[in-house]
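See structure below.
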Amino acid sequence: MPFTDASSGESVRFEGVGKSYGDVDALVDFDLAVNPGELVTLLGPSGSGKTTALNVLAGFTQATRGRVLIGDREVQGLPPEKRDVGMVFQSYSLFPHLNVFDNIAFPLKLRGVSRKEIAERVEDGLDMIQMGDLGQRMPAELSGGQKQRVAFARAVIFRPPVLLMDEPLAALDLKLRESMQAEIRAYHQRLGCTIVFVTHDQNEALALSDRIAVMGDGKLAQIDTPQAIYDAPQSRYVAEFIGKTNLLEATVAGSDLAIPALELTLPVADLPAHSAKRDGPITLSLRPERIFRVCQGDAEAYPNFEARVEDALFMGDMVQYRLRLPDAQTLIVTERRDTGGARPTRGATVQLGFLPRDLTPIPEPS
Amino acid sequence: MKKLTLPYLAGLAAALTLAVAAPAAIAQERTLAVSGSGGIVGEMNTRFFAEPFTAETGIAVERLTSEGSRMAELEAMVNSGRVLWDVMEISASNYPLGVSKGLFEPIDYSKVDPEGLLPPGARAEYGVGAASFSHVLAVRTDQMPEGRMMSSWADFWDVETFPGPRALRNRAEDNLEFALLADGVAEADLYTVLSTEDGLDRAFAKMDEIKPHVTAWWTSGAQSVQLLSDGEVYFGTSYNGRIPPLAQSGLPVEIMWNGGALHTSFVGIPKGTENIEMAHQFIAYRTMNAAQMRQYMAELPYPGFAPGLYDGVAEAVTAIQPTAPANLEAQFSANPEFWGDNLEAIQERWNEWLLE
Amino acid sequence: MPRIFRHWMLWPALAMLLVFFLMPSVDILRASVMDPELTFRHFERFLERAVYMRVLWHTVEVSFVVAIVCAVIAYPVAYFIVQSPRRVQFLLLLLIFIPLWMSILIRSYAWMVVLGREGVINSLLMGAGLIETPVRMLFTTPAVYVAMIQILLPIQIVTCYSAMSDIDLGLVRAARVLGASPWEATRRVFIPLSLDGTITGMIIVFMLSMGFFITPALLGGRRDLLLANLIEFNVTQLNWGFAAAIALMLLLAAIVGIVVIRLAARLLLRALNGALAR
C-alpha cells in the first residue's frame, strides 16, 4: 500500500526572511522553525504575509533576504518543481481539462512513474479520499468538498515530505469545513508529512494545529501550541487576535496590583506564577468566559466588581454580554446558557467576579 | 414616405400663404430616383444632367449609387414588386441580360425622340443610348522602344519589339476580339469567327501566346489605371475615360484607338416603376440635350448621341471622344447580343484557361 | 433568474437568426435546386467542369494555410500580450485593433504599394544594390497569402488572447509545484486550456478566408481565383441558381474544413498530453 506509507516529514525553517513588493514589506525578518512531521498553521489577519511566506516556501516568489530550508536543503533560488513540496490551493486549482484520475496522476507522470504503478497508487489515493468510483469524473462535475479531497490527494500522491495548504477550506461551508479539518488531521497522522497550513480562521487553527504561528505585519508574533497561544498570549496583538479578550491596564507597586477600571487592588502574588512582577504599569488580559456572576454570599470568595449590562448577544450555547464599567470602559463576558438563575436584563447592574490566576499579563514590547 | 411628406407640408404651407409660390413648391414633391454609377461618373451626371433638369422641370432627382450588383438589385426589386428606381443606367453588357430577364419597361420613343433623330443603334427597344465608351489599350509612352509606338493589337502581341509587363481585363469579353484582330481577322468578321468553335479555339490559341506576358488581370476600372500609374505594367487595357485624367496628372500615357472595342450604354426604366411619365422626361433630357452633353463630355469623354453633338466642339475635346470620327474609324463595335448569349459559357472556358 | 425570462431574452436573437440567417440559407438551397423545377444541373455543372473543383480546392488550400499560419503567429503574440502588465496589454490590443478599422480594400491596396514593381520592398532592395531588376511579388499567390494573413491576424490574436486571459494562472503554478518544469506546465496545462480558443479563432479565420475575393483579385496572379469570385460573377450575371450551388459547395467545404480542424486539434491535444502514458 504505497500511498498510505508514512513518509517521513522534513523540517522547514525560515531564517530572517524578508520580502518586499516595492514599498510594501510583505515579510520582515521572518523566522519560523517547523519540526519534521508537525502541523503548523500560519494564522494572521488579511495582508499579514501568510500567503507570501507560503509562496516563498513553494518557490513562487523569491525572498529578498534570508534563508529558507527544507530539511537541510537550502531552497531559495530553486524553482517550485525542484522543491518536492505538495501544495493545496484555496481555489483547488484542479486541471479542468483532466479527469479526477489524471489530476491525481499528474505529479506521478511528471516523475516518470510507470503506468502500472500510477494506476495502483491513484486507485489507493482515490480510496483514501473515498472517491474510488469517481476517477472518470471531470472537476466541473464535483462538489466543493470532493474537489478539495482530489486536490489533497493530488498534493500528497507523490509523498512529499512537506505539504503546504493555503486556506484550503475557506470556500467550504462551516459543517463541511469542520469535517474536512478532521479528515486532514487523520491524513496527517497517516502520512506523517510536515504540513504548513495557512488560515485566517482562528477556530480552524486552534482545532487543527500542533502549533500555531501567529503572524502580524509580515513578522512572526508568536508560535506555540494552541492552548499556550490562547492562555498565554505574548503580546497585546496575539491576545486580541486569538479569541476575544478584555484588556485591563494595571499598576504593580511593591506587592500590590491595582486595577483602576475594576476599582480593585489585589496581591501581586495571586497572578500566574510565570508572569513578570516588576513595578510599574502592566496590561492584563482577562478572557470573557473567565468572568462570572457572583451571588451576594460569594462576595468574599473572589475579587469582584460592578458593571451595567449594555446588551446581550445570543450565540447558541452561549450568551455574550457587553457591559459598562464605572470608568466607562466596556467589558465582554460570556456565559454558558445552562448557568442557573434569571439572566440579567439590559440596564441591570450585576456583580461580577474572576479568579486572579486568570489574569494574564501581556509582556510590553521591548 | 418621409422624403415626400416634409416638402409636401412645406408646399402646403407655401400654397396657403403665398399663392404665387405654390406651383413651384408643389412641383418639389415630384422626385425621380435615378440609379447609376458613383464616383466621377455620378458627379458629372448630377452636375450636367440632374441639376439642370430639376431647374428646368421642377422635378427633383435623387441619385442612387449602384455598381457591380446593380442588376441583382434590380431583379430583386422587380421580383418583390417594390421598385425603388425610376430610371437607371444600363451598361452595354447588362442590356441584353436585363432584356432577357424582362427587367425593363419598353421605351416610348414618341416621348423621347419623336422625330427619330437618334441613330438606330441608340434607339433600343428597352433603353436609349446615353453614352459611348471604349475598352482600349493604353500605353506608357516612356516605356516604348526608341522611335516606336504601338499601333495595333499585333504590336501588343509582339513581345520582342515591345517588351514589358502587360495587363488585361479578367473577362473573355473584348479580349477574344483583340486576340482575333492580332491574329489578322478583319473587324467585320470578328463575331462570325467567334461564333464558330474553330474561331473560339483560334482566339484562345492566340491568347495562349500572350498569357505569360500578362502580369495582371484586372477586375475593376480603378485597378486598370492603378497598374499603369504604379508602373506595374507598361501596356494595359482600360476604359477610355480613365486615361485623360492620368495623362493630365503628368503620367506619359496614351490611348491606342486602333482596335478598341466601342460599347454603348443606355438609360432605361426599371420594370414596374410608377413614374413612367417623368422617367421618359428625364431620359429625353439625358439623351437628347446636346448642350448639356457637350459640357459633360468635355469633362468625361463618354459622349451620347444627341443630334448635333459635335457641332462647335473644340478640337481638343473631340480628339479624346470615342465617337469622334477618326476614333470611330479605328475601332470596332462590340456586339452585346453575342456576349449576352455566350458570356457564361465562354467565361467558364476563360477561367479554365487562366488556371492552366 | 427564472428560466422563462432567460428564454425570453433569447427571442430577439433567435428571430434575427431566423430572418437573417436561416431564411436566406433555405432560399439559397432552394435556388440551387429549383430552376424553375427540381434540377441538379447546377451541381452537375460544378462537378463536371474542371475549373470549379480546382477553384474550390485552391480556396480550401489558401484558407487552411492562412488559418494555420495565423494561428502559429498569433499564439505566441497573444501569449506575450497576456504576460504583459495590464496597461501594456490594453495598449498592445489597441495597436492590434487599429488595422481592423481599415477596410479590406484599403489594406489590399496598401499591400500593392509595398509589394509592387516600384514598391517599397523593391525600391529598398534596388537602392541597396541587392537586386538589379525588380522582383515579382505582386500578382503572385504568396502576395495573396501575405495580405490575407495580415488582414486576418488581428482576429486570431484577439481570440487567442481572450482564451488565454481566461486561464487561471494558478493552474500553471499548481502544475509547477506538482513537479512540472515551465515547459511541461505549458505543454500539459496552458496549451490544452488555450487550445479551444485558438481553434475557435482558426475556424473564424478559415471561414472568413473561404469568402475572400477582393484581396485575391487585387494581389493574386491569374490562378488565384477563389470561389467567392465565381459567386460574384454569377450574381452579376443573374445566375442565381448556379451562384447558389457554388455557395452551397463552399459551405460544404467549410463544414468539412471545420471538422478537419477540430479533429486535428484533438489529435494535437492527445499528443501533447499523452493521456495516461508519458
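Residue numbering begins at 1 within each chain, and the chains themselves are lettered A, B and C in the order written.
Just so it is clear, a contact is a pair of C-beta atoms (placed from the backbone, for glycine too) under 8 Å apart; a residue touches a chain by one contact, two chains touch by 3 or more.
Bear in mind that the values here come from a model prediction, so they are computed numbers and not experimental data.
Considering only which chains touch which, how would you classify the arrangement: line, ring, star, complete or other?
Chain contacts: open path, no cycle.
Could you name the chain whose CA centroid falls nearest to the centroid of all protein CA atoms?
If we average C-alpha coordinates per chain, C lands closest to the whole-structure average.
Between chain A and chain C, what is the gap in Å from one C-alpha centre to the other?
55
Taking each chain's centre as the mean position of its Cα atoms, how many Å separate chain A from chain B?
Chain centres of chain A and chain B, defined by C-alpha means, are spaced 89 Å apart.
Using the average of all C-alpha atoms in each chain as its centre, how far is it in Å between chain B and chain C?
Chain centroid spacing, chain B to chain C, equals 37 Å.
Residue numbers in chain B touching 2 or more other chains?
Chain B, residues with two or more chain partners: not present.
Which chain C residues qualify as touching chain B in the complex?
Answer in residue numbers: 49-51, 54-55, 109, 112-113, 116-119, 136, 138-139, 217-218, 222-223, 225, 230, 232-233, 235-239.
Could you pull out which chain B residues touch chain C in their complex?
Residues 68-69, 71-72, 75, 97, 101, 165, 170, 211, 214-217, 219, 223, 226, 230-232, 343-344, 347-348, 351-352, 354-355.
Provide the residue numbers of chain A that touch chain C in the complex, in ascending order.
58-60, 79-81, 83, 85-87, 89, 91, 93, 95-98, 102, 105-107, 109-112, 115, 118, 154-155, 158, 164
Once bound in the complex, which stretches of chain C touch chain A?
168, 170-171, 173-182, 184, 188-189, 192-193, 273-278
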